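Have a look at this one.
Letters A, B, C and D name the chains as they come in the text, with residue numbers starting at 1 for each one.
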Amino acid sequence: MSLALDLFSLVAIGAGAFFFFAGTVGLLRFPDSLTRLHALTKADNLGLGLIVLGLLPRAGSLLDALRLIAIWVLVQLSGAATAQLIGRALSPRRAAE
Amino acid sequence: MNDALLVAAGFILLTVGAGLVRVLRGPGDFDRMMAVQLLGAGGVASLLLIASATTVAGVEDVALGLALLAAFASIAFVNSAEADGAEPLEGEDG
Amino acid sequence: MSILQVLDLGLAILVLAIAGWTIAARELFASVVGYVAYGLLLSIVWIRLHAPDVALTEAAIGSGVTGVLLVTTGARLRGAGGVETAAPPRLSQRLMAGALAVLVAAALAAVVLLLPEPAPTLAPEAREGLAATGLGNPVTAVLIAYRSFDTMLEKVVLVLAVVGVWSLAPDRCWAGAPAPLGRARPEGALLFLDQALVPLGILVGVHLFWVGADEPGGAFQAGAILAAMWMIVMISRLTEPPRVGARWLRLALIAGPAVFLATGLAGGGMAGGFFAYPAGFAKPIILFIEAFLVLSIAVTLPMLVAGPPRRSPQS
Amino acid sequence: MSASTLAGLVGAALVGLGLYGFIVSPQPLRKILAFNLIGNGAFLVFGIVARKGAAAGFPFDPVPQAMVITGIVVAFAASALAAALILRLQEETGNVLLDSDAPAKPPGDEAGAS
C-alpha cells in the first residue's frame, strides 16, 4: 500500500516538475509577452497543483493536508487575477504597435 | 524517497531560476514580473518538497505566507508598471 | 557530495546571481523585481538554516513590503517628473569601491570560517525561559519574554519612523491623508482579489498569530500579512489611506508598544520585576500583548509605505 | 562544507555586493536597495551563528534568530523613512541625484517651508 502511494507521489511530483520545466521553456522561448503569459499560467496552475497532489499522501494530518490545498488555492487565485491584470495591460499596447 | 523529493525540488528551483533570465532580458516590465511569478510558484513548490524531505517543522505556514506575499508583490508591480509614465498617480499635488 | 549539498550550492549561486543583478540593473523597476525574486530565494535559504520564523519575516517584510515600498516610491518620483538618469561613476571610483567591497566580504567570510566550535550559545537560557512561559515556539518566547525589553523598544522605533515620515508633510497637508496607493480606475480582477484573496489572507494572518505560540509564526509575521492585505485593498481603491490625524489610527499605532510597556510595568508591581510575568499566567498575558502588537504592525507598515500626508485634512 | 557555512559565505558576499552598490549607484532609491542587501547579508551571517549555537535540544539558538526578526523590521522602517526623505528632497530641489561631481543646486525658497 505504501509502495503504491509512494509511486503515486513520485508520478505526480514528476509530472508537476515537468510542467514547471515546460512553463520555463515557454517563458524563455516564446516570441511575445502574451504567449509567455499563456505558458506561465499553465506552469503555476498545473505544476504546483500536481506537486501538492503528490505531497498529499505524505501529509501528517488532515490539517496539514488542508493547508497544502489552501496554498494551492491561494496561488491559483492570485495567479488568475494577476494574469488577467497583465493581459489587460498588455493588449492595448499590442494593438497600438 | 526523500532523495527523489530533493531531486525534484532542485530541478524545479533550477528551471524557475533559469527563467529568471527573463528578468535580465525583459524586454518589458511585464515579462520581468512573469518570471518572478513563476519563481513564486516554483519556490513554494520546492519549499514544500524540501520541507517534506528534511522535516523542518511548520514550513507549510511559511509556504502559505510566501504564496500570499508573492500575490501582493505582483499586484503592486502591475499597479506601478501601469502607472509608468502614461498617467501620474492621482493626488500628487495634494 | 549529497543531493542536499548540490541543492544548497545551486541555491547559493542563484541568490548571488540575482543579488548581483539588482545592483547591476539599469532601471529601478527591473532592479526591484529582481530584489523580490531574491527575497523569495533567500527565505528558502533561511528554511535550510532551520529558521522558519525568520524565513517568513524575510519574505513578508524584507522582500515583499520593502519591494512594494520601492516601486511605489519610484512611481511617485516618475509621476512628479523626477530625473533618474545620471552618469555612472568614474572607473577609478568603481575600482576603489569594488576593492573595499571585496575586502569587507573577505573579512566577513574569514569570520564565518573561523567561528569557534562549539559556538557560544544562549539556547540553554532560552530553554529555561521557555518552560516558564508555557509557549512552544522558542523564538516567540525570546521575543516576548526573554528579551522582551528589546522587542518593546523596537516597536517604539517603528512608531518613531512613522512620526519621522509624517513630519515630512507640507504644512497645509498636516493631519491630512497620504496619496492613494492605486490607480484611478479600479479593475475587475482586483475587485475579485479583494473578495476572494483578502478574506483568505486575513484568515492566514490570524492563523499565524494563533499558532505563533507553539509553531513558526507570531506577531511580526501575522501583522505583516494583515498589512499586505490592507495594502491590496488600498491598491484596488476600495478604501483610501486614512487621514493621519484620525484618532483610531493613532491609537492603533501605539496600542502595541503601549500595552507592552503597561504590562511590563504591571509586572514590576505584581510579579516582582520589570517585565516579569506572574507564574501560571504567562501564556495568556503573552498572547494578549501579541494581539496588540499584531494590530500595531498591521497599521504601521501600510502607513510607512503610504508616506507623508499629501492632502489637506478638509478635502 | 555544511549548509550553514555556505549560507554564511553567501551572507558575506551579499554584504560586499551591497556595499559596492551603495557606494557606486547615483540613484538614492538604488542606494536603499543596496542598503537592504547589506542588511540581508549581515542577517545571514547572524543566521549561521544561530545555527551553530544549536544546543539544549533546539536545532538553533533562538536568541540571534529573534534579533534578526527585529532587525528586519527596523531595516524596513529605516528604508521607509529614507524613501520619504527622497520624495521630499525631490519636491524641494527637483532633483534626486546624489552625485558629488554635479554642481550643487542653489537652495530655493524652502528655508521655512518645512
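In the analysis below, a contact is a pair of C-beta atoms (placed from the backbone, for glycine too) under 8 Å apart; a residue touches a chain by one contact, two chains touch by 3 or more.
Quick caveat: nothing in here was measured; it's all calculated off a predicted structure.
*Asks:* Considering only chains that satisfy the touch condition with chain C, which of them also satisfy it with chain D?
*Replies:* The common neighbours do not exist; no chain touches both.
*Asks:* Look at the interfaces A-B and B-C and say which one is made up of more C-beta pairs in contact.
*Replies:* Answer to which pair has more contacts is B-C.
*Asks:* Any idea how many Å lie between the Cα centroids of chain B and chain D?
*Replies:* 22
*Asks:* Determine the centre-to-centre distance between chain A and chain B, using the mean Cα coordinates as centres, and give it in whole Å.
*Replies:* Here the centre of chain B sits 12 Å away from the centre of chain A.
*Asks:* Please compute the C-alpha centroid of chain B, do the same for chain C, then give the distance between them in whole Å.
*Replies:* Chain centroid spacing, chain B to chain C, equals 18 Å.
*Asks:* At what distance in angstrom does the C-alpha mean of chain D lie from that of chain A?
*Replies:* About 33 Å, centre to centre.
*Asks:* What are the residues of chain B that contact at least two other chains?
*Replies:* 33, 35, 40, 61, 64, 68, 70-71, 75, 81-82
*Asks:* What parts of chain A, by residue number, touch at least two of the other chains?
*Replies:* Chain A, residues with two or more chain partners: 70, 74, 77-78, 81-82, 85.
*Asks:* Tell me, which residues of chain D touch at least two other chains?
*Replies:* Where chain D is concerned, no single residue meets two or more other chains.
*Asks:* Under the stated touch criterion, can you name all the chain pairs that qualify?
*Replies:* A-B, A-C, B-C, C-D
*Asks:* Which positions of chain A touch chain B when the two form their complex?
*Replies:* Counting only chain A, the residues touching chain B are 6, 9-10, 13-14, 16-17, 20-21, 23-24, 27-28, 33, 36-37, 40, 43-44, 47-48, 51-52, 55, 58, 64, 67-68, 70-71, 74-75, 77-79, 81-82, 85-86, 89-90.
*Asks:* Considering only the defined contacts, which chain B positions touch chain A in the complex?
*Replies:* The contact residues of chain B facing chain A are 1, 4-5, 8, 11-12, 15-16, 18-19, 21-22, 28, 30-31, 33-35, 37-38, 40-42, 44-45, 48-49, 52, 60-61, 63-64, 67-68, 70-71, 74-75, 78, 81-82.
*Asks:* Can you tell me which positions in chain C touch chain B when the two form their complex?
*Replies:* Those in contact with chain B are residues 3-4, 6-7, 10-11, 14, 17-18, 21, 29-30, 33-34, 36-37, 40-41, 43-44, 47-48, 50, 52, 55-56, 59-60, 63-64, 67-68, 71-72, 74-76, 78-80, 170, 172-173, 176, 179-184, 190, 193, 197, 201, 204, 207-208, 211, 215-217, 221, 225, 228-229, 231-232, 235, 310-312, 315.
*Asks:* Give every residue of chain C touching chain D within the complex, in rising order.
*Replies:* 4-5, 8-9, 12, 15-16, 19-20, 22-23, 28, 31-32, 35, 42, 45-46, 48-51, 53-54, 57-58, 61-62, 65-66, 69-70, 73-74, 76-77, 80-84, 86-89, 93-94, 97-98, 100-102, 104-106, 108-109, 111-113, 115, 117-127, 138-139, 141-143, 146-147, 150-151, 154, 157-158, 160-161, 164-165, 168, 170-171, 220, 297, 301, 304-305, 307-308
*Asks:* Which of the residues in chain B end up touching chain C in this complex?
*Replies:* Of all residues in chain B, those touching chain C are 3, 6-7, 9-10, 13-14, 17, 20, 23-24, 26, 29, 32-33, 35-36, 39-40, 43, 46-47, 50-51, 54, 56-59, 61-62, 64-66, 68-73, 75-77, 79-85, 87-94.
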